[in-house]
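Below is one structure. I have some questions about it.
All chains are identified by letter, namely A, B, C and D, in their written order; residue positions are counted from 1 within each chain.
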């Protein structure tokens, strides 16, 4: 593993240690109160059980940090190499993703013991790690934060697929938000512009390198599309008009009988939404969430607008404080996003919901995957997916930045995804 | 629900009560020590989670006994009607079989509470039940015994599909059985013969009515086919010779790459078998188990023999004590069948493994399904399946009788199924 | 190929020659006027193109008669061995059934040349054949007659699947039949009875041997179920009442949205039927045709009756002239069956439509497949299928007899299949 | 249909008429000699029968030119609207793509009559057409040229799937080409550059508008990758090394057991290729053909290179004569591409094989689909596909230009697709 170019983790040891402790703790906090069954059942091949996430994030540290750096290293359980490798071909054969729900053993207790062992070994090793090792610990923390969001996504999908559809957490009384004002269009710059991540801060490989792109004339909506607006789209036949949809999207709508965002249902002319806190009325002022690229694109066409490119989004986000916004909060994670109440200019850029862009997830000019197995991190997913930006209410605060690229297939929508419109000027 | 013709439950009230208590207890004993995850995960659409079996057997009593007979009857949970109805169309919509593994809720604890409530209500009602009600309680006990065997079948399948493949129960030291003697052929009678169940003892609808059949000249093997014999079949290319197989069987072998009984694997030229007690060497003297009809039929053809008809089997079993044999024993359920050690004449007729017959599962002359929803019990499965006879080491002792008809599709083999040969004389 | 026990073909050489000539000619007559495309396209995996049938019936004679008996034998085209073997494992690898529609080559003309070459070789060889060889020629004729019916079945399915749904032959003016009289029930004998084919006449292996069976008290309907009666079943919700159906049948109805016999459609409250002569109004007095076992069984249950067993049917048919009835006639093949106009007692036993029985297709006691590859003829299909009796309006006259056993899976209905009711007495 | 901005077809009437005549004739010439069966059978859902292409290209003119402009217009056959609409939702329901192989009717003869009728009507109408009408005729000619290439692609796939795998055309003696020289790298410009089609010449909607893009430093290979080079990739384990592949690509390789380009097979250590002229030895100096994006991308990674972006390709092609190169020639269409023999600088840019780019098929900045149903032409396919450039030996000469964007899914390879390498500088 040579030529690591990520951020070198130069903060004082105690800072990295604090971060490691906090990240590892949050994962377990999210799973607090889950029954063994809730932590084990898999609701679809795209989703993984919480128990698997708990173990896999530990396997990541064990494999990429401890194995080559710890004296007298021993695997906690040699079978875990097979069970908890996600997709790293360089680490050998592994359990198929669709079989993760068959992991009745190891038990949840044993997985928690695994976590403790890895934590202890990391904390013991940390003071003696070189820069490369520290960079990998930092990578492991960012990696685990991604799985924190996946845990919430996958749990929400599980309770929706489970016949009783009960929330995991207690319900909360809803806010009574003021009605959201009409969209204002904010023009962005034209011509050459620098985007992408440089070498001074941590960033994933796919955000790099910094490079020039050319922006055409454009404007972005100052806020996200709301549920109220989405209901207008629905009541005006948005899901029934072939002319609004991409060809693959229309096939998807028809073969899956899609007629609303995921997790919605209609009872007596009112729409309800299932969240981790159970069923509640759809909040009309909140950003629409759990929509696919196909839906976002159709909505934009219906609005005589389009989705932003990832470059347009990034340029608009440059210089904003990425730690502000509605992010995951514990012990009270809010899975129901609420709109930004005040201010002017571009709002809701970070947190709330992931924003679909019209850009395919492809390598930047000059992209180089990292050497070694860790290099499989992002590059090999660069076909068929679209970029989303900005993080969501299920993303840990501090995880995203303006250069951050998330990506999903255009039919997927179990992540916390929504829509910001753009248009040509 | 009129015209019930099953055995009328004339034993003293305390006898039926004792039976009810014992049956209900055994189901829970079988599930003792299962983790919540092990009781919830579903390994294939044909199999159900133990939690579902625990609840469904209670739903059966609640629906067919309590609902119409208990004063001030109230459903324990109205949603259970949907969740725990197995296949009774007359009871309305129900959870699809393939979705039973999504039942993270209700929890195992709540299902056990459901059982207690139903038990209490049944015991309270029992002294006041009329004959029809008592007959339905008896039916419910027989029904629950069937699910006891299903629990073991389904758990065994689950641990086999689970990546770690660990046993549920502690291993036991194997016997060192003597080598089984060669097959002796026992001739049966020819000409007209009475088979089927009369009205004097409990029997399922599909065993009725008693009727005449005509037997051609035949002989049955005095014992079951052993694993040693099956290994000969394998080593002589039994799974690779198309001429030995039914056409559908050969397609099944090829598309599923079948080359041994279910739950077997070969390591360094030795064959191992997974049971509820974990992996162990295949016991060469034990009856082969977990083979499909297609395999049983191919084996018989390879042996220049055939499978018995169900009439041939039943006539041979008439007059034998159906409670003798290797049946399910608690707290030590033996999932690995062992051969009958002594005696002569027909052995291993009851218990050990279910014996495939060459008879399709079809109605007897004069068959009448029962009135009402309970009438869906067996009749609607009379296409495409074959009859098995005699019970297995996973069947509760006392459950089967000489007229008992079990049935599975010809490709299925997760039940404890084996082979007895027959031939023309 | 030893121990052939079929009918030994003792008629004078010219009689066998005449039969061979007539059978071979009829196959080509049936295909007269087909375009190259109509003879080549495959409409479903169960059906084969006419071109394939034309060639396969020739391959049968080439392989089982000419190859081992003709001096200086040469294959017409060595590739045909792969292309036109249907299912004989003993003859090696072969084209998958679902790929028969990809046979753009050989052309129809070349297949017709193949037929001429085989015809010439057979006629040249015939005078010198021994009894075994003559028996195989006779088998080949019976085999080709089966494919004549398949050609009509498969063509009818093809025109139904083709978007324009035009008839192959010119329409004919319909009869105005008199209304069919109510069913009369004809009692059959009870007790032991001989069924099955002896050695004195040609019969397929699965019809043998003659053996005793035991008949319970029963009666058969004197005629077939009519379209008028079937429409009553439909209008009274027959396709929507789960309680009328076998479990597998109900799944089939729901997943395939079945609500009428195959080839029917409703326009403005009138039902039309597609035949090889195009669309026409359903003839209310004609026997219902193109129904599956599942439908036949549900109809019988709705009628408080049942389907006959194959033994009941055969005993009723013994002694009747199997050459009378509505069979395939050329140049005017009548694909729309009409009811038997006169007489009393059992009618419509031969021809008209194949009659579903409640008997699974299983070996008779003492059944022995023939030695050699020809022995694959019927025995290997003995799982999962049901027996049909009596022939149809698409069967060549003279092909069936009282012992004749046809067989299909319970969901299939592209053959000319209908219903005769039975009941217990 | 307003605001058509394509090339306005200002050439003299006779020029457009000549072009129309030539295009319509070439389609039929390509199908000359096909049997009815060869023109009707469909080999996979992605491919269509030649008969369908012959009719669909006529339906396009009938629907978009004649219907609204011809006095006393009458449809040739009202059923063709359903049969021969490809994917235009605005034109109503249509035959599913996977069912095009069931079109035994209309016959090939009737389809040719349809063509004659449409030709006559177009030629009669042409002198009186306004500019918009003329533009649509020109669009129809370009559209038909696309289907000419599809006819060749689909026929080649059909003969490969057909069991006999015989060529459609007679074989030709291969050239003995000189060994291709090593790749030279040609640097392209950096910085802002104009790409896309302006309004002065015909172009499809997706090529428009002309716009600025930013080029990073790069170089292109001066020629295409050859079969000889591809064999090196194969022999060095290219198809077995997971690290070379995109994740979706690796799944595709494994589940389809891909180990060579489409239409290749190995016999005795030599590789053969099926073309429309039958099997022949792979020409080592010819460009590799019939490879997917996944393969092209893996090959580039193995070569320490990458695929070009579509902007890099287009800038390199600007100013070159797009009518030079190895294009489809009649009566001798050359389906086996040969390398450009002489010269220096970038070669093989047009014709030969379509060149995969690393660019997803997405709208250009400012893209506007056309009004009306014709607007469905390209825009609705903008998800999940990649752009290919330059045309192929199966493309009609004159059809492509430097701005031309073709697009396919990354797993598809039945088109004439190959690889040009690029790298960063």
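As a convention for this text, contacts are C-beta pairs under 8 Å (C-beta built on N, C-alpha and C of every residue); 3 or more make two chains touch, one makes a residue touch a chain.
Bear in mind that the values here come from a model prediction, so they are computed numbers and not experimental data.
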Where chain A and chain B overlap in contact partners, by chain label: none
Fewest touching-chain hops separating chain A from chain C: 2
Whole-Å separation of chain centres (CA-atom averages), chain B against chain D: 60
Interchain centroid distance [CA atoms averaged], chain C/chain D, Å: 47
Interchain centroid distance [CA atoms averaged], chain B/chain C, Å: 38
Residue numbers of chain A (touch at least two other chains): none
Interchain contacts (touch definition) - all pairs: A-B, A-D, B-C, C-D
Chain D contact footprint on chain A (complex, rising order): 87, 89-90, 192, 211-214, 216, 218, 242-243, 245-250, 293-294, 297, 306, 358-360, 362-363, 365-366, 376, 380-384, 386, 410, 424
Chain D residues touching chain C - in the complex, by the definition given at the top: 35-41, 43, 51, 79, 82-83, 95, 99, 101-108, 158-159, 161-164, 166
